[in-house]
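In the two assemblies presented below, chain A is common to both, partnered first by chain B and then by chain C.
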Partner chain A sequence: MPLAVAAFVFVLLPLGLSLAGSGYLFRLAVVTLIFAILALSMQLITGVAGLLSLGHAAIYGVGAYTAAILATRLGLDAALTIPLSGLVSGLVGIALALPTMRLVSIYFAVATLGLGEMIYVTLLNWVSFTKGPLGIGAIPPLRPLGIDLSGPLATYLFVAVITAFAAVVVHRCAHSYYGNALRAVREDDQCADAMGLNVVRLKIEVFAIACFLAGLAGALWAHTTGYVNPADFRFAESILILAMVVVGGLGSVPGAIIGAALLLLLPEALRAVGEVRILMVGAVMFLCILFLPKGLFGEVSALDLARRQFGAAWQPERGLGWR
Partner chain B sequence: MFDRFDIFFVQQLVNGFSLGLVYALVAIGFTLIFGVLNVVNFAHGEVYMLGAYAGLLALLFLAPPWAALLLIALAAGIVAGVTLERVAFKPFRRFRDEASLKSKAMRESTLLSSLAVSIIVRESMEKTFGADMQPIPRAYANALQEPILFGELAVASGQLAILAAAVVMFIALQAILYRTRVGLSIRAVAANPLGAQYVGVNVDRTVIATFAIGSGMGAVAGILIGLYQGTIFPAMGFAPGVKAFVAMVMGGLNSIPGAVICAVVLGVSEAVATEFFSQGWADLVAYLFLVATLVFFPTGLLGAGRDRV
Partner chain C sequence: MPALLEIDRVTRRFGGLTAVDDVSGHVREGELVGLIGPNGAGKTTLFNVICGFTPPSSGEVRFAGTRISGLKPWRICRLGIGRTFQNLRVFPNMTVFDNVSVGAAGREGHSPLDALWRSAAARERSAAISRRSWAALERTGLADVAGELAANLSYGRRKYLEIARALATGPRLLVLDEPAAGLNDTETQALARFITSLAAEGLTILLVEHDMGLVMSICQRVMVLASGRKIADGTPEEVQRDEAVLEAYLGVAEEGA
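Presenting the complex of A and B:
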């Protein structure tokens, strides 16, 4: 199963896209992969650890702006800007998490909404640093270590590799004892605390990991698009990412990817009908909550799949579980 | 007595006060619904927007007198609120036991469903009427912009109308809550939904009544503020909605007087902030207040205290 998915993403899909020979389809595939990273990172905090974040797009924006500024002002190589964007976003995530971690459920959601809008207002108004509403243009395409990856196929493969990295990170965090601890925090943080888990530390760690991944996605967005603008990192994008996670299934790692693909590709397929992207997002999200509260690929099925495919913990001869 | 700077500053304070009342008008309905259901109604800003559009359409086609205009907006708000409750909240109250009424899953699913409904409503309005601001008939816009002078201070008639509306709504709400049987059942459900059910309160009807009252007030606020500021467009509900939320959190979540006071404080602080910073940076004030309140005063500044689990 993992091999089949890898074969599809790395061989079949690029082969098909090359045969179709369309830059638009490649671009669509790259954007879908970037949003798959975002949905995966959101899944880790919202689905697995139960922290409803409404400011995820702002973290993604921090990553994109870090890459854009480092690449245009300092002329840094993409091999440096991408990890640095992840680090900066992760640090911003820790800085945001420290004061807000003792808030629960809706209060945390609203605090992240407020913090996200603060980041957006800063990006918009700090004109000397971020160029404000004009955005930063002319970001160099992907050329890490002097290797030219700016062609559509190479860019696609590079983004796919980073998406695979993000998927592995989220998979290892979610399907392990660590993930079980996070689920315990999600279900009842007071109980988890009483059982001896360091709840605040777990939450901050997982928030930092997710923000790091969101920062990577932001850097990829900046380099593949060549242009960043504050309007791309507003509340509406946070809702889009949240909708991907909800539609795919809260707590389910494959669900995040399915949700990202569905919510990006379905509106594109319906482009003939008119510009209905956001309306579709709302409608799909509402119908999903109403009729499929577990999502398209629910957490239970996802855990079942992970057990069957990677189930070290359930194969006694290989010892117990992942630490 | 006053030199020019002082009078300008006082003028700013007056403007901030009326801005705060705008937030207060939205916050009243928001807080009422939160107090009863303990869930955030993300679609309140859309009810506010629908009220403004209903009023505007009435203006264009019927040109009614002011009182009738407000009644039309009120009716539109009540219809929108009841529909919203049926569509986005009722389906998630299918279990009646205490655990699921208080459960995280129910709160989060209604949060997401109201968010989804608000997206659908806003986008459909954008598709129908366009995303731009609607032109407002000259006669009505001018009626709200007429300056009324108090010595050197100029107050627009619209600001006085908003003040009057805020006072009337606040008093009406207190009268409903503390003088009528509906108000009694609303307070009972807010205090303990299951207990209210045991003593014979029809919880379902009470929730609908709450939505009707809160949304009606939101819609009236929408048409008044939309006409006064000349800004009627599909996304008009977002900014006041967020500010109203901040006021509600600062006021201690289920205290309506607290929310009103904090909304005024918020409006005045924003107006003062525009004295020192540009308009764009002044938007930060509300979010700073929000985060600072959540972090340092988790029970709100004026709240009776409610645990946040």
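Presenting the complex of A and C:
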């Protein structure tokens, strides 16, 4: 099965796209892969560890801006900017996680929403550093170690390799005793605590790993697009990533990738119908929750998770809020 | 030699309510001790103080000579106190094996590096967790349903799953919170035999129960709580003859007559 997927992603799809000879289709494939990385990292936080983070796009933005600034101001090579973006995003993730990880359920979601918007406002207003609403342009395309990967096929293959790396990382984290520990945190964090798991540490670790991956996605976005703008890293983007995870199925690695492909390609396929397509994406999500409560491949129902996040807020005896 | 678990003048207040009032007691290594009391006697609060879910307002709990009150539940668990929950808190969307492996990971420790980089040490830890989990599943007779989702298990077997998960944490002291609640007579008797067999293997057990029958039939010693205070402590026979216990459970003699 993994071999078939690899053959499709690395051979069949690029072959087909080359034959079609369209830069637009390659661009679409690259953006889909970047969002697949984002959905994979979100899957680790929300699907596996059960933390509803609403600031994921901001972390992705931190990665994109790190790459953009390092590449345009310091002229750093993509072989450096990409891992450094991951690192910076991972560190920002840890910095955000430290004060919020003791928050329970919906309080955590609201805190990450607020922190995400703070990052957006910083990107927007710190004009001397980020060029504010103008965004940063003229970011050099992918030329890691002097190897020119700026052609559509080479760019696609490079992004596909990093997506595969992200998939392996998330798969290994999710399918191991470590993944079971994370699932226990999702199912009942108090009980996981009583079973000897250091829940706060687990949450911070998983947040750091996921934010590292989101940072990689951001760097790839910056280098392949050539331009970053704060508006690309707002709350709506976080919700889109969350929707990919929910449609694909909470807790499933292939689900995250297919969810990303579905929610990105569907609006493109529906371009002909005009602005109504946004409504149709909403309808897909709605129908998905209604008829596929566990998404395409999920192990938990999204409504269940939401109910736990929101419902729990009305149970004072469970010790919610600060703990 | 100090007892394995020492409860030293523990008081827990919730606002104006004193749920546990100056309770002292102990559990020695190898003992099977019952903690009983009518509804609202403070059993669950005392239980939560022992396991670190609620800090005591005053007094302290010591385990194997070290003070554990004030520690986080996971630390207490790693020191060797395994617990079950009264209102069944298995992880429903996980398989039986995965449920138990969580307890085993609590004992062996967990690191994301083990998942990311499968070094020799990482594989050794995974194998140790897996061995520990299987041992707990075999011991509780759940090995045949290891691949089932916990949510699909019958109520009775979920009770055993809770015990298996607690056993996988490698406890020196197993604290069971109302294990017989919701079970019929046959199931309760089977559970009683199972708990006795665990105790016979040398595991120290503190059994918190609402129902007197189970406790009186298997425990070597019984502590009785009523309205937050300890009113008796002795063998089942002594406790059953105790005036204060009869009064707490049956009301005063005039009312009973």
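Following the convention adopted for this analysis, the second predicted complex is superposed on the first by the 294 of 323 C-alpha atoms of A that agree within 3 Å, B and C clash if a C-alpha of one lies under 4 Å from a C-alpha of the other, contacts with A are read in each partner's own complex, and residues count from 1 in each chain.
Just so it is clear, a contact is a pair of C-beta atoms (placed from the backbone, for glycine too) under 8 Å apart; a residue touches a chain by one contact, two chains touch by 3 or more.
It should be emphasised that the depicted structure is a prediction, and the values quoted were computed from it without experimental measurement.
Once the complexes are laid over each other on chain A, chain B and chain C both fit without any clash.
Of the two partner chains placed around the shared chain by superposition, chain B is the only one that A:I278 touches, whereas chain C remains out of contact. When the two structures are aligned on the shared chain, A:I69 is found in touch with neither chain B nor chain C.
By the touch criterion stated above, A:Y107 is placed in contact with chain B alone, chain C being left untouched. In the superposed model, A:G179 lies in contact with chain C only, and not with chain B. In the superposed model, A:V206 makes contact with chain C only, not with chain B. Of the two partner chains placed by superposition, A:V159 touches none, neither chain B nor chain C. In the superposed three-chain model, the partner touching more residues of chain A is B, compared with the other of chain B and chain C. By the touch criterion stated above, A:N198 is placed in contact with chain C alone, chain B being left untouched.
In the superposed pair of complexes, A:V300 makes contact with chain C only, with no contact to chain B. No C-alpha atom of chain B lies closer than 10 Å to one of chain C in the superposed arrangement.
190 are the residues of chain A that lie in the contact sets of both chain B and chain C, per the superposition on chain A.
Residue ranges on chain A touching chain C, taken from their complex, read 169, 172-173, 176-181, 183-184, 187-188, 190-199, 202, 205-206, 209, 251, 299-300. Chain C makes touch with chain A in their complex at residues 51, 53, 72-74, 77-78, 83, 85, 89, 91-94, 98-99, 101-107, 110-112, 114-116, 118, 125-126, 129-130, 165-166, 169.
Listing the residues of chain B that touch chain A in their complex gives 39-40, 88, 91, 104, 107-109, 111-113, 115-120, 123-124, 127, 238, 242, 245-246, 249, 278, 280-281, 283-284, 286-288, 290-291, 294-295, 298, 308-309. Interface residues of chain A facing chain B in the complex, by the touch rule stated above, are 50, 52, 99-100, 102-107, 109-111, 113-115, 117-118, 121-122, 124-125, 190, 235, 239, 242-243, 246, 274, 276, 278-279, 281-283, 285-286, 289-290, 293.
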